[in-house]
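Provided herewith is a single structure, encoded as structure tokens, for subsequent inquiry.
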Amino acid sequence: MLISVINPNTTVSMTDQIAAAARSVAAPGTEIVGVTPTMGPASIESHYDEALAVPGLLDAIIRSERGDKPADGYLLACFGDPGLDAAREVSSAPVIGIAEAAMHAASLLGRGFSVVTTLGRTIGRAEELVDRYGMSKVCRGIHACEIPVLELESNPDTAAILIEACRSAAEEDGSDAIVLGCAGMADLAQLISEKIGVPVIDGVAAGTLLLQSLVTMRVRPNATGELASPPAKTYTGILSPFGS
Amino acid sequence: MLISVINPNTTVSMTDQIAAAARSVAAPGTEIVGVTPTMGPASIESHYDEALAVPGLLDAIIRSERGDKPADGYLLACFGDPGLDAAREVSSAPVIGIAEAAMHAASLLGRGFSVVTTLGRTIGRAEELVDRYGMSKVCRGIHACEIPVLELESNPDTAAILIEACRSAAEEDGSDAIVLGCAGMADLAQLISEKIGVPVIDGVAAGTLLLQSLVTMRVRPNATGELASPPAKTYTGILSPFGS
Amino acid sequence: MLISVINPNTTVSMTDQIAAAARSVAAPGTEIVGVTPTMGPASIESHYDEALAVPGLLDAIIRSERGDKPADGYLLACFGDPGLDAAREVSSAPVIGIAEAAMHAASLLGRGFSVVTTLGRTIGRAEELVDRYGMSKVCRGIHACEIPVLELESNPDTAAILIEACRSAAEEDGSDAIVLGCAGMADLAQLISEKIGVPVIDGVAAGTLLLQSLVTMRVRPNATGELASPPAKTYTGILSPFGS
Amino acid sequence: MLISVINPNTTVSMTDQIAAAARSVAAPGTEIVGVTPTMGPASIESHYDEALAVPGLLDAIIRSERGDKPADGYLLACFGDPGLDAAREVSSAPVIGIAEAAMHAASLLGRGFSVVTTLGRTIGRAEELVDRYGMSKVCRGIHACEIPVLELESNPDTAAILIEACRSAAEEDGSDAIVLGCAGMADLAQLISEKIGVPVIDGVAAGTLLLQSLVTMRVRPNATGELASPPAKTYTGILSPFGS
Amino acid sequence: MLISVINPNTTVSMTDQIAAAARSVAAPGTEIVGVTPTMGPASIESHYDEALAVPGLLDAIIRSERGDKPADGYLLACFGDPGLDAAREVSSAPVIGIAEAAMHAASLLGRGFSVVTTLGRTIGRAEELVDRYGMSKVCRGIHACEIPVLELESNPDTAAILIEACRSAAEEDGSDAIVLGCAGMADLAQLISEKIGVPVIDGVAAGTLLLQSLVTMRVRPNATGELASPPAKTYTGILSPFGS
Amino acid sequence: MLISVINPNTTVSMTDQIAAAARSVAAPGTEIVGVTPTMGPASIESHYDEALAVPGLLDAIIRSERGDKPADGYLLACFGDPGLDAAREVSSAPVIGIAEAAMHAASLLGRGFSVVTTLGRTIGRAEELVDRYGMSKVCRGIHACEIPVLELESNPDTAAILIEACRSAAEEDGSDAIVLGCAGMADLAQLISEKIGVPVIDGVAAGTLLLQSLVTMRVRPNATGELASPPAKTYTGILSPFGS
């Protein structure tokens, strides 16, 4: 089984870190490939960044689909789940976003969870996803730690700040679990959980395992309807394999 | 007052038609400019098309913003309201989508409205927008006429098919108004309304007038928070004015 | 185009102020007439006041409808939107309430707005309207400044108190816009917005512009169904033009 | 214990019928007085009728409150629950509407109920009440029998038509109970229930018993907040005991 | 009329207290019998306790149903409304839970109520019931006084603690009524209400009166569908009258 | 890793079938043990059956927890997810229900799914779970095939009937996936999916894989709050390890 973990931003070191997090939970027979798109922003911290990231990640999926060994599943490793619907159209295999994965997993652990994300300006998008995934009752709060995505790795205080943010979110919201709101926090989930005594869900691990589960069940998405392949047409200023 | 009506697809004849529909309702002092992005699909009929259209429409807004005479408002003239949040980040003036505009206008006319759109595969996106705009109670049904976007103009039966689709939607749903689900239907709103005796809302007209209203009220969007300008960073494979 | 702005209370100086606010945003060809009903309370600060105001405002609309020059649209200029459904029954032209208008306009400006109203006892009614208009997600808070309606004009501290109330509402709720909860605050919207740096929506201006927009689109409400003319019957103790 | 059953329309024979329905379920120590307002429409079949009925019913409550023997509870015997909030402001005793009463009672009988009302044009108001009372999940359908209110008594086919309408509503919706949507149907509840084998709730009986229950529990509504007495002020064209 | 008030726990003194509360509001012709199941926990303070209480309370209902004088209605006197659906299946008479009864009664008194319950760990279950009964808008808060169920009677500070908890809940939430979250608080409702000036609803009284109301209306639950008698089958390790 | 798959009914052949379905998807290192409670109904087709099944399944979990080799996760293999909250209280490891698992998995495959269950009388419970798990928007219909649980295995037409029911559900609802509404249908998921061309989710497989995923992530549920161990007390008529 081959799972493609797509980092929607173009920072290769982050791709490596994300792929490692995926590999650390994958079953023996599951191969993980980390993919960095050839086009897009260095990190995703705005709706604009997300919009510019989507063509690159779709291109990465289409290349895999049309390549020698298409992946059996695709994980979109950015907490905004950018381009999820479009990715499902261009893929014949299951596609999951890490926000989606983390929220579904966290909802299995009790009455409510809290999200701890990077910048406050991303909370609006997280709220939208909470609604979309039916998590309005179970998500009790979304909190920002105000560390930019690319500083998560370099800032020496990241772990301490996140531990404190997760602890206070769990207490304030009375939550049974914490969801980490950025793929760049993947390697800290276990540590934070040990420190605060509340389960902490990282979407990269959750998404890898959910995809592996869908593939194991031999689920192939519906090839007709809303998520069928895009109709062929002319595309200007960009190359598209769906061009007529 | 200058209002920029952006056709998110690259079909120039459709831009012209949309701009004409906007001009037909604009007040004397309001100048309408129709804009066709330099990059994107010929029409938008899938999530993939929408994703590929967004960078082009954002580019069009940024050029206006940084040009000699920035627009006082931007209308996104595709019923999926593609890239609306990102467009608000890069614009200092109000931005409205035509689905948003049409639904809000239709909700002022009674207890419920129906949407009549192009292809059935776009209904999922329309449902999402209905939720986002708080229209779950007031939107009583979304119906497809199954005419592709670019055939709306060329198909000699378009008017007849739409009149029938709108009539049956209004009857089946008991609706007080019809919302047209594609900018390419703008020129038919008046005719359909006369034929079926129920008000028919075209989002291009509604959006032009709502934008004109916001500008008249001298409303400038909040420049801080979620919709502030994107933070500067490196962009790969694309030129971005927000690059550092 | 003739727009009738109906002040549902009987205080003529307030009618004048409201009509002036409407005129200040109306297009050159739009005539505004301010109407004071012949019957009702001096101000509306309770459900009881609202109930006693409705027959008078309906009477004003019916007189216009049956007069020489019926209005092309009616604005109900009280934030409780009193008698809105009944007004739509007796009018052949569009009718909008200022709460409805202000909330729809504010929702176009971002992820959420806050309402700042007069007395705390009116919050329940505002909550009801938030639900009715589908604004539950986008309305983030309703706050009272505790200045009675008729004191808004005479109290020398009104502007200062409202500026402070709007500023703290925007901060506390993280809102992208403020909605003013009383027609008597119409003349302060611009000032407050300048002071707090957040757009402030007055329903009188918003309603006037939305009505003007509907009329420009030549929308006539559905004459059948729930909002058709009332059936004829006997009315006791009151004269009604719908009496048989 | 004295319960005032207010028929919001001015048809005295209907008041008598409603009071009889209330008396038929009241406990031995409970006195029922049927009240016909001095002002209002002969029946309520539109929002306009409802608006014109409210001042008369509020006047009836205020007279009782200021009389020698104020009632211990007031029942508003029209399925639109007209003026409910205002009635609570002017009363120091509990006030219930028959739609409210019937829906709450029916919700105690299983997973879902259906409403069978008079004219189709009243369905919109019933939908609003379903939302207001939290019955969106439990109310599975609202159906009209298209018999006008005042014909319910005179039409020889009323019973047959209603039995059929209730039977098909219960089957179509899979409902565990039927709610009758008009006070004028009160005397048929038992008969319909026997014919269709599904419990049928009449709001006059339900409301009388719920009021009697609240009074027995010695519940007095909160005298402060939203539903406190209206503030004193000037009323024009009408006499109001709350005038200053 | 015979109403069976079932205390789902096995503490007989609590059954006596609950039956007394029911008797204090029952009409002269209504006989109240308090029932203690032969199996179950001494009090219900967890989902586990609730699960172990249900077979005993169902057994008590089935014994009544198959006895000489079946009750005309059953009240489940624990605020978790344990086994309510199953109880309705095995009973041919109406069954009500005290949470259900108290919330419906409280919702008749204004815009919102607060719940004051025993231990904080029971709040999750109360939230679930709030959703189930359509009370999401009207229930403004659920608060715990942290007194265990069986200490309510013995703790000398119970009244003082509850008065304070109810007062602060009403103030914090701006509520028009308080709902007591445990059958063991039944005898304090009147006292608390007098002290805090806000109506206080005890579910035992409310449920007794609602049941009495349903029986007076001669309502018999639907005998078909979801709540029909359980189908016969083999039961292992337990005797069941529905065994084949 | 040891996963305990608990069949909440007492039919051993069904336990064997369920355990086989779990084993067929489990990873090499995952041991599956199928458990049949010592007490309960032969199948679960009513709320009553569910209520009588819960003590037995809780007993099975507690025995595992206090045994030599506690399971690392528990799957409740009945589509009503009976006793889920109580099971979480008595377990220190994750507990999942198959309805919960199947709905979450199906929601990852597109815009909407349909449920196909056994008897129509179980639809009410399924609706409740749809609400609880936030699936109101994504679940588009619940359909019954009217085959009793224990006949699923013996009825020679089971496969044909289910294929037809799933096909028509997918078409009628426009669904992207089917959820099977009974553990006894587990072995048919693959066949049905092949026949109808739409993915079919069996909760036993989905639940096994989700549990395995949570255990792989080393998630341990929060040991405090609502789902902490039950407080010690006296239990009458039953032995409970939580008795004091």
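Each chain gets a letter, A, B, C, D, E and F, in the order it is written, and its residues are counted from 1.
Definition applied: a contact is a pair of C-beta atoms (placed from the backbone, for glycine too) under 8 Å apart; a residue touches a chain by one contact, two chains touch by 3 or more.
Note that the structure is predicted; figures quoted are calculated from it, not measured.
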Inset, instruction - Quick one: how many steps at least from chain A to chain D, stepping chain to touching chain? - result: 2
Inset, instruction - Tell me the angle, as a multiple of 5 degrees, of the rotation that maps chain A onto chain B over the C-alpha atoms. - result: 180
Legend entry - Maximum centroid distance from chain E, chain identifier (CA atoms): B
Inset, instruction - Check A-B, D-E or A-C against E-F and flag the pair whose interface repeats it, over half of the contact pairs matching by residue number. - result: A-B
Inset, instruction - Measure off the straight-line distance from the CA centroid of chain A to the CA centroid of chain E, and report it in whole Å. - result: 45
Legend entry - Junction residues of chain E, two or more chains touched: 88, 111, 124, 131, 137, 225-227
Legend entry - Inter-chain touch pairs (all): A-B, A-C, A-E, A-F, B-C, B-D, B-F, C-D, C-E, D-E, D-F, E-F
Inset, instruction - Please name which positions on chain E make contact with chain A in the complex. - result: 124, 127, 131
Legend entry - Residues on chain C engaged by chain D in the complex (per definition of touch): 10, 37-43, 45-52, 54-56, 58, 83, 85-86, 88-90, 120-125, 128, 131-132, 148, 150, 225-228, 230-231, 233-238, 240, 242
Legend entry - Interface residues, chain F side, partner chain B - complex: 111, 137
Inset, instruction - Spell out the part of chain D that touches chain E in their complex, as residue ranges. - result: 25, 27-28, 88, 94, 96, 100, 104-105, 107-111, 133-138, 174, 176-177, 189-190, 193, 197-199, 201-202, 205-206, 209-210, 212-214, 216-227
